[in-house]
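Chain lettering (A, B, C and D) follows the sequence in which the chains are written, and residue indices restart at 1 in each chain.
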Amino acid sequence: MKSHVLLIDCEDRKGLVNQITGVLFKHLVNVESNDEFVDHSTNRFFMRTEFSGNFDSGQIYDDMKNVLPEEANIMLSGKRKKNIVVLATKEHHCIGDILIRHMFNDINANILAVISNHDTLKSLSENLGVAYHYVSHENLSREEHEKKVLQVVEQYNPDYIVLAKYMRILTSAFTAKFPNKIINIHHSFLPAFIGANPYRQAFERGVKIIGATAHFVNENLDEGPIIFQDVINISHTMDADKMSKAGKDVEKTVLSKAMDLVFDDRVMVNRNKTIIFN
Amino acid sequence: MKSHVLLIDCEDRKGLVNQITGVLFKHLVNVESNDEFVDHSTNRFFMRTEFSGNFDSGQIYDDMKNVLPEEANIMLSGKRKKNIVVLATKEHHCIGDILIRHMFNDINANILAVISNHDTLKSLSENLGVAYHYVSHENLSREEHEKKVLQVVEQYNPDYIVLAKYMRILTSAFTAKFPNKIINIHHSFLPAFIGANPYRQAFERGVKIIGATAHFVNENLDEGPIIFQDVINISHTMDADKMSKAGKDVEKTVLSKAMDLVFDDRVMVNRNKTIIFN
Amino acid sequence: MKSHVLLIDCEDRKGLVNQITGVLFKHLVNVESNDEFVDHSTNRFFMRTEFSGNFDSGQIYDDMKNVLPEEANIMLSGKRKKNIVVLATKEHHCIGDILIRHMFNDINANILAVISNHDTLKSLSENLGVAYHYVSHENLSREEHEKKVLQVVEQYNPDYIVLAKYMRILTSAFTAKFPNKIINIHHSFLPAFIGANPYRQAFERGVKIIGATAHFVNENLDEGPIIFQDVINISHTMDADKMSKAGKDVEKTVLSKAMDLVFDDRVMVNRNKTIIFN
Amino acid sequence: MKSHVLLIDCEDRKGLVNQITGVLFKHLVNVESNDEFVDHSTNRFFMRTEFSGNFDSGQIYDDMKNVLPEEANIMLSGKRKKNIVVLATKEHHCIGDILIRHMFNDINANILAVISNHDTLKSLSENLGVAYHYVSHENLSREEHEKKVLQVVEQYNPDYIVLAKYMRILTSAFTAKFPNKIINIHHSFLPAFIGANPYRQAFERGVKIIGATAHFVNENLDEGPIIFQDVINISHTMDADKMSKAGKDVEKTVLSKAMDLVFDDRVMVNRNKTIIFN
C-alpha cells in the first residue's frame, strides 16, 4: 500500500472540493487527512490531502488535471524523505540539533552534506556521519565564494537547502535558483530587528520578549514567507550576550519545527506568506 | 443571502467528503470554510462547513440525510447568536469580562440573565444591562437550592449555561439535563489540582506554572471534555493569594476563548474529548 | 504599623547595599522584600525595598541622603493607591477591563476620570461609577484639542495618565509635562509594526505571532521605555479583522499587568529602558 | 581576580542583609549581583550573591559564620564547572542536546560519563567524546542492577547526576545518597499525569496542553522539588505518538534550562520547593 500527498492551489470556484474528492473516490483511495483553505482576499483555493491505498498515481494526476482549472498547481507525490544540504558557519546549536535528529531518524530528511565557510563544525558533522565541505571565504569576493558553495550544493541536487545559522548573505543570483527551497532561521521575531545583531538591537531597545523566525529565503533579505515563529520572555538582567545564549534554544526549536512542516509537505506558499496545514 | 453552519459526525467510510460536498454543490452554495477530521482510534468522521447563498436548508438537510449513514449526527443551522444564562458566585473577573463584551456586541451570545447565590454582582450586572437573579443557598440543601436555580434557568430556555466562577457543585440531576451545554472555567490546568483550592495546592506543590481550563460539565466533577486551556509562569515569590490574583487574567481569557469557540459552533464532542475547528 | 516602598538609583560603588541596609537596620524596620540590580553597561545601581514597622520616614530619608552619593535619586513613600486619569477613544476592551477592576478594588489606583474624544464609552464609564469627559476633536486642530484635554487632566492632578487605546497622537508639549507618567498600550510587539494599523501590517507581512506592548510615552511615538509585552500565535486563517479581535485580549492583559507593576512602584526607568522588580 | 558565589539560608531576622553585606564590604569585594527572598510562611531567609575581587574566601566564610545564626546554611565557592554523570536509556533527544552543548563548552559542567541500561546511545556518546557505560538490567533485580549503576557512578564522584530520560525507577536507597543532587526530566507538567505513559494519559484525557518538568529526585517518585516547567499547545489531531514527538523539544529545553540554573548555583531548596535566583 502506498501513501501520497496531494497539494493543489488554484483560483477558487464552486464545486472544487467535490470535484477533487470525486477523483479520489473514483480511485478508491483512503483519505487519511484533508485540509482546505480559501484566501478570500485573493480568491485562491489551497488544499492538502494525504491518502493511501493501491492506486496509479499518474492516472490520479491526469484525472485531477482534467477537473481542475488549467492554471492550477498540482503536486502529487509519494511520502518520502527530502534530500537536503545544510549551510552553517560556526554556531553549533542548530546544526547540532539537526544532526542528532538525523542520526536517529527523527527528521524527515536525508542530510547529504554540511557546507560551511569555517571548519569549526567539521568534527561534529563527520562524527555524526555527515560529509562536511569547508569552503573558506577568505580572499574571495562574495560572488566568488558563493559560486564555490553553489558548485558543492549542485553536486548533491538537494530538494531543500537549510541555512542553520549561515551568517553570510546570499545574492539574488543564488536565491533565484531555489525559489521556496531555502529555509533560513533568523534570530528575531521578524519584522523586528531586521539585519545584523538582532540581540544587540533588542538589548538597546529594551524589549521584554525576544524570538526567532524560520522563513523561506527570497531576494529580499529577511523578507521571505514566514514559516514559523516563537518567542521567549526576557528581563532587564539580560545583556545582549545572555539574550543570545537564551535565544539559541528558541532558534533551534523554531528551525526544527519549520523543517518538519516543510519536509512533510505541510507548507504552501501564498505570494509572500505561507499556509500551514498542520 | 443566508449563512449556515453544518456539523456532521458519523462512522468514517470512503467517499464521505465527496458525497457531502456533492449535496452542497447541487444546491450551489458558496463554501466559506471546510474542516474535517477522522479519529482513527475510533474510525469516526467529523466535519464542519460554513456556507452562504440562497438555498433551502430543509432540502439540504434531507439530501444530507440521504447520502449519510443512518447513525450520522447532522446539525445544520443559520449562524446566530446563542442564548445563554450565566451562573456566578462572588468573583467579578469572568462575569465582568463577559458583561462588557456583551454590552459592546463583542460576544456571539445574548446574555438572558445572571444567576448567583450571592448579591455581590447585582449592581455590576444590572448596570451593564443584564437581569440578575439572586438565589441564596442559605438554609437550603444542595438539592433544594439547585432546584430553585433550575427554575430560573428553565424560564429562559438557554442554548448554553456558562459557569463564570460558580463555586457550587452541580448534581448529576442538573448536569444530565444539559449535556455538553454547560461550560465551566476551572482554575487549574486540569487534570492537575482537581477539586478545591487549586492555587493553594499549586503553592504547596511548588509548581512553576499555573493555568486555567474551560470544559463542558458532565456528571463527573472536573472531568468533562476540555475545550481550551492556557497557563502562565509563576515563581517562588508568589504565595497562593498572588497566584490567585495572577490566575484571574488567564481564567477570564480562557473562558472567553472557549465561549467564542462554542458559540461559533467550532466545538464538536468526541466521547470525553473535544474537536476544535478553529 | 506603616508600609513603605524605597526606590534608589545612583552610580554603583562598593558598599552601597551595606550602607542602605544599615540605615534601615538602624530604624529597626522589617524588610519585606529587597531587590537590587546593577547595570554594568552604565555602572548604575538600582534598588527597591519594601519595609514595614513604626518609623519616621523623614528621618529615614535624611539618613539615606547622608549615606548615598549626592546625585542619587531616592523615592520613599507609603504604599498607596495611585490617582489616575484614563484617556480612551472608542474601543471598550481595555477601558472596560480597567473599570471593572476599579469597581471591585482590584487595581492599585483610584480612577478619577475617563476622558475621550468620543462619547461611545460614556454610559459604560458612568454606569461603573467613573466621571466621563467627552472632549470632541471635531473642528479643532491637534493642538487646540490637546489643550482642552490637558485642562481636564490638570484639574485632577493625577499621578499617572493611562492611554487605554487613545487613538490620537500626543504632542511633545503634552508628553514633556508627564515624564514617565503616561502609560500607553500599543497593539504590536514593538518595535515591529510601529505606527498605524499594526494588525493590517501583520497580516500583510504574514507573521505567525502578534502581540501588544505597554510602554511609557515620551516625545518619540512608540519609542518610550517598554514595561511589558506579550504575544499570541496566529495562523494563515486570520485576516486583519480576526487578528484585531484576537489581539484585544492580549492588549488588555498587557496593559493591566503594566499598570499593576507601575502602580506598585515596581518599575524603574533606566534611560530608554525599564527595570522591573517583580 | 576570583569570582565566587555565596548561598545563605537561615531563619529570618532584622539586619541580616546588613550584616552579610557588611562582611562583604569589609573584604572589599565587588558585588556582581545580589538576590534575596524571605519565605514569610516559614520565616526563612534565602540569599544568593555573586562577587569578585582579591579576597581570602576562608576568611569571608569565617566572618559569615560569626554574624549569622548557628543553624545557617552557608555555601561559598568559586564559580566552577560542575562534574556530572548522565543516566539515560534509549531516547536520544535529551542526551544528544546535552552532549552537543558539552562538546562546544555551552554547558557549565564536565560530563564525566554516560551510563545506560541499553547500548543504543553508545556510538553517539563516544563520538561526541564522552565515556559510555552500558550496564544491562537483563536478568537482574532492580536492586542488583541499581547497585551496578551505583558502582559506576561512585567511581566518578560527581557533583550532580542527571537523568536524561532514564526510564528506570530509582530506589530510595539510591536517591538518599544524593539529596538534591539528582535532576530528572519528567514528560508532563507535573503534578498532572504522574507515573507511566504521560502522553498516553494526556491523549486519553483530551488535554489541550502538554508539558515537561525538571525536578530534583527524592524518595517519592515524581514528587521532588520542581526546578523548571514549560508547556506546548496541542490539538485533537495529535495522538499519543505525535504528542510524544512534539513533547521531546520541550523536554530537552526544560532539562537544559534546569541544568543551567542548578549548575550556576541559582537553585536553592526550600523544603519540597525550589527558590530560583535567575
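By our rule, a residue touches a chain if its C-beta (ideal position, glycine included) is under 8 Å from a C-beta of that chain, and two chains touch if they have at least 3 such contacts.
Note that the structure is a prediction, hence the values are computed from the model and not measured.
**Q** If each step moves to a chain the current one touches, what is the fewest number of steps from chain A to chain C?
**A** Contact-graph shortest path, chain A to chain C, evaluates to 1.
**Q** Quick check: more C-beta contact pairs in B-D or A-D?
**A** Greater number of contacting C-beta pairs: B-D.
**Q** So what's the Cα centroid distance for chain A and chain D, whole Å?
**A** 35
**Q** Express in whole angstrom the distance between the two chain centres, defined as the mean CA positions of chain B and chain D.
**A** 40
**Q** Hey, what residues on chain C touch two or more of the other chains?
**A** 33, 37, 237
**Q** Which residues of chain A touch chain C in the complex?
**A** 37, 39-41, 189-193, 205-209, 211, 225-231, 235-237, 239, 270, 272-276
**Q** Please output the residues of chain A touching chain D within their complex, sorted ascending.
**A** 33, 92-93, 96-97, 100, 103-104, 106, 124, 127-128, 237, 245, 248-249, 253, 256-257, 278
**Q** Chain C touches which residues of chain D in the complex?
**A** The touching residues are 14-15, 17-18, 21-22, 24-25, 28-38, 233.
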